[in-house]
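Should a chain be cited, it is by its letter among A, B and C, assigned in written order, with residues numbered from 1 in that chain.
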Amino acid sequence: MKKKGVFSRFLYSQKVAPYVFVLPFVLTFLIFFAYPVISTIYMSFCKVSGGETVFIGLKNYKTLTNPVFIKALKNSMFYMVVTCAIMIPIPMILATMLNSRHMKGKGFYRSVMFIPALTSVVVAGIVFRLMFGEVSGSFMNQILGLFGHDPLVWLRRPFTVWIVLFALCIWRWTGVNMMYYLSGLQQIPKDLYESADIDGAGRFQQFRYITLPLLKPTTIYVLTISIFGGLAMFTESYLIFNGNNSPNNVGTTIVGYLYRVGLQQNNIGIGSAIGVVLLIIVLLLNVIQLALNGTFKKGE
Amino acid sequence: MKKRILSVLLCLVMTMSLMSACSKKSADTSSEGESSSGTEAGMTQGKNNHVDGGTDLSLWTFQELHVGFYTEMADVWNEKNPDKPINITVTTGESHSLHQKLLVACQAGEGTPDIADIEVGYYGSFMKDNYLLPINDVVEPYEDEVVMSRVEMYGDNEGNWYGADFHLGASVTYYNMDIMNEAGVDPASIVTWDDYVEAGKVVKEKTGKPMCAVESTDLFLPQLMMLEKKTQYVTDDGQPNIANDDHAEVIDYIRMMIDEGICEIAPGGFFHAEEWYGHLNDGGVASISMPLWYMGRFTDYCGDLEGKIGIYEIPVWNEGDTREVLQGGTGTSVLKFTEQEDLAKEFLAFCKLSEEGCTYEWEVLGFDPIRTSLWDDPAITENPDNKYLKYFTTNPFDILKKNGTDLTAPNISGAYSATYSVLVSTTYTNAFENATDQDAKELLETEQSTIIYEE
Amino acid sequence: MKKKKNTQTILLVIFFSVLALITLLPLLLLFVSSFRPGAELIRYGLNFNIDFANANIDTYRLLFSGQNNYFIWYKNSLVITVVQVFLALLLSAFVGYGFAMYDFKFKNLIFAGVLIVMMIPTEVIILPLYQLIIKLGIMDNMWGIMLPYLVIPMLIFFFRQYLSGIPRDFLDAARVDGCSEYGIFARIMVPLMKPSFAAMGIYQGMQSWNNFLWPMIVIRSQEKITLPVGLQSLLSPYGNNYDILIAGSCFAIVPILILFICFQSYFIEGMTAGGVKG
């Protein structure tokens, strides 16, 4: 048994090797995840300024009861809920349509729909910001003009701002989500539909009783990424409003507020408290989701 | 073909990964060395003509135009002070991030430049944590020659001054004379805000154009009106104070102008947006009240208006009030971490307060000189080649001379930075666009409660 | 019956053609507009009004003139992307291999760590991370951008899944041949993982190339910032840089588009990874 050769030392033993393999992760985890998480929780109870850290109890959290943070919370939640509501059904239906037996040139359309995902959110944000400009010559105002509508100040009104943000989200992510559903659809056995055809089930019934349930794993995945993507939204708003200050905070999100308070105004303590609130929300959502999935599984 | 490119790429990755599996460390260090040498050749840095044996100074600014100013001033300095020459390196960057990075460097206590341009909206944060050095000793020699309210503005309650500005920043009203003539209104006859509103109604009726505009994401018009009432956004000891009666009156007054149709919300939301410049250049608005440093925006962005803009005094609340206040600005300061304290301070004062510096600032940058001796120098005030004097129909120095040097400057201490960020992000949007029906005082109280300020 | 199917096909094709057109519209708009002066676009609106007499390539000439930082940013982004993708793939594959091929004490505990990091958005810890980067002295340095994100849970997860299909007997055979544990990884596993490297490389490449918030926080110097951060800074009203903004945005998309056309399937697999197997 000369399998380890002369160089076999501690490191090379089969017992230790697995730990060496996972070591990069363990180190990254401890240094760049666990430590910051603990540190942010600790700092959220402190006043941090000029290198000094003083324990001040819950004061930072009390500061967060201000209307702007509440608004940022609402904005992020609203964005998350609506993106989930839009970005699941639409791509699912599009994928089913594209996957139809009668469709020609699937690959081409699939690729074209995917292109927006390739553009960086910065470029996309710049284009959308200018497309939805408030001057009467901007593309969207020209379209409104075709319908005899006056130009809109898109980016400074509470309602239209959301149209712009959702338009951007739909544009960038429909293709990707559709792709998830397309690959989900590939895994549904064809003969299920064939036997359904024989049984005389209509197109809608087939969708309702075969496609929808069998796409559930995909839906859960898409839902998960939409939830966390939506909650952590920042860059889109930063680009659309050309900086972190949207008029009347119409587009301020939790992360945007964290960035503003923690980094721009240098209140690390309050910023950390915002981080902790976000952490708690995320953990809660995770627990809810795990619980739901778990019970569903038992039910089936 | 595709496959082949890919496999070549993959082979590369493979071989590299094999190599680095054995010696990961060496791979890391070598690429690090590369990256740092690659970034040595900074592109947006400016330097003066190198002087052997000169002391190195570093300076950060957020405005590219200032690079030329500092490097040229350094050349002049070296000529005049051969015994203590300097070599200055000026670095520019985007405003928000540059200020933020400066704050970080200050907190860390390292990586700061010797001197930095700090915009008025950010100044409070630097002053409050004592990151700046007092410059009283180098300013005092110039004390009788400059408008001190502009210097004292960057100071604290103990009489320390920390910053020097590029300009006086006196506010004036720019009138589009084409529109005013069409309406038959002489701007010189406007003294009070009530006169201004009456004139505005005539302009609106005759030309259909609004008399003025207000920003929803910046604060120049309301701040001007507040300063005329000698009211500040922060109290003397630096606490936020936006929920006061004067402020509510100002908001109600502007709202009244909007309701009358003589005031519009600036396209783009503020007076530095490209949308606004387009609107202004197309003659979309009859007048705008801004500081004199805004002249440069006219010459740079509104070519069509050359020879059509008259500069007049700002309207005031009561006849007899001083028709000039100071607004905006950039306080250039010496950071306390510098190792060249004396030299940095002297050079700073020289740039900003000397005759040479102020002349450059006026001639090239279009900044109204902080130095009063220039106001009476015909070579300056009547210079036929000056592009600003050529552009405007009236002479800005007349206003400066008339109103003297006892001017109200904004109080930018304490909570000003935090207050400013709330004012420009929510307060004025709410007041003029979103919640126009809400009682002004009530609105201001809500806004005040969102200001996060810790001493 | 046949006819009905034909109309269905036609309707579907028309529907998706319209959809494709709408999808491409913003990019077309950007492309068309890049031939107009930037400031004019912002003053008068981004639209399809092309004045052929005045259309010109001045903006591109300016872009390539070398009078600006655009290509420095481009290079920075490229360097960071290549280095980060390379190291992230290597390290994550290394870790993923460890999880897939060995049983060891605390394995489940450590793997739970991978899942936790995956679940929590990195924005939560952005403040302490930023303080840490200051303490480590790698602010304003590309390692400050990369170091916290070299071992990517998503990639570990993916590689673990991928490798779990390989029977462990395979390893024993190699051991008998005298390969060390690491030799097995380097010489046998890495070649086997080729296809997954391609897809994951693209996944990570897109992440690194488009990363915005973290590089914006870490980098201070104008000449070290990355392309997305640089482009964003051009949107500033104080710089008068709109010409470079539009042409530069256009030019930022082109290389990715070319790569996408060449390696479509890898792109799609990479960017939708996790959806299928996760």
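Convention: contacts are C-beta pairs under 8 Å (C-beta built on N, C-alpha and C of every residue); 3 or more make two chains touch, one makes a residue touch a chain.
None of the values given here were measured: they were computed from a predicted structure.
> Return the chain pair with more inter-chain C-beta contacts, choosing between A-B and B-C.
By number of C-beta pairs in contact, B-C is the larger.
> Taking CA centroids for every chain, report which one is farthest away from chain C.
Of all chains, B has its centre farthest from that of chain C.
> With centres defined as the mean C-alpha position, give me the chain A-chain C separation in Å.
From the centre of chain A to the centre of chain C is 15 Å.
> What is the distance, in whole Å, between the centres of chain B and chain C, each centre taken as the mean of its C-alpha atoms?
Measuring from centre to centre gives 37 Å for this pair.
> Going through chain C residue by residue, note those that touch at least 2 other chains and give them in order.
Residues 42-44, 182, 185, 236.
> What residues in chain B touch two or more of the other chains?
107, 275, 278
> Give the residues of chain A touching no fewer than two other chains, as numbers and ranges.
In chain A, residues 133, 135, 263 touch at least two other chains, as defined above.
> Give the list of chain A residues in touch with chain B in this complex.
47, 49-51, 63, 66-68, 133-135, 153, 156-158, 243-249, 260-261, 263-267, 270
> Could you please specify the touching residues of chain A with respect to chain C in the complex?
By the definition above, chain A touches chain C via 2-5, 7-8, 12, 14-15, 17-22, 24-29, 31-33, 35-37, 39-40, 43, 94, 97-98, 100, 102-105, 109-131, 133, 135-139, 141-142, 171, 174-176, 179-180, 183-184, 187, 218, 221-222, 228, 231-232, 234-235, 238-239, 242, 255, 258-259, 262-263, 268, 271-272, 275-276, 278-279, 282-283, 286.
> For chain C, which residues count as touching chain B in their complex?
Contact set of chain C toward chain B: 39, 42-44, 68-69, 72, 75, 79, 83, 86, 89-90, 134, 139-143, 182, 185-187, 190-191, 194, 197-198, 201, 216, 220-224, 233, 236-240, 242, 262-263, 266.
> Per the contact definition, I'd like the list of chain C residues that touch chain A in the complex.
5, 8-9, 12-13, 15-17, 19-20, 23-24, 26-27, 29-30, 33, 41-49, 91, 94-95, 97-99, 101-104, 107, 110, 113-114, 116-117, 119-132, 147-151, 153, 156, 175-176, 178, 180-182, 185, 206, 209-210, 212-213, 217, 227-229, 231-232, 235-236, 245-246, 249, 252-253, 256-257, 260, 264, 267-268, 271-272, 274-276, 278
> If you look only at chain B, which of its residues touch chain C in the complex?
2, 5-6, 10, 13-14, 16-18, 20-21, 31-32, 35-36, 38-39, 41-45, 62-64, 91-95, 97-98, 101, 104-105, 107-108, 111, 270, 272-275, 277-279, 281, 300-301
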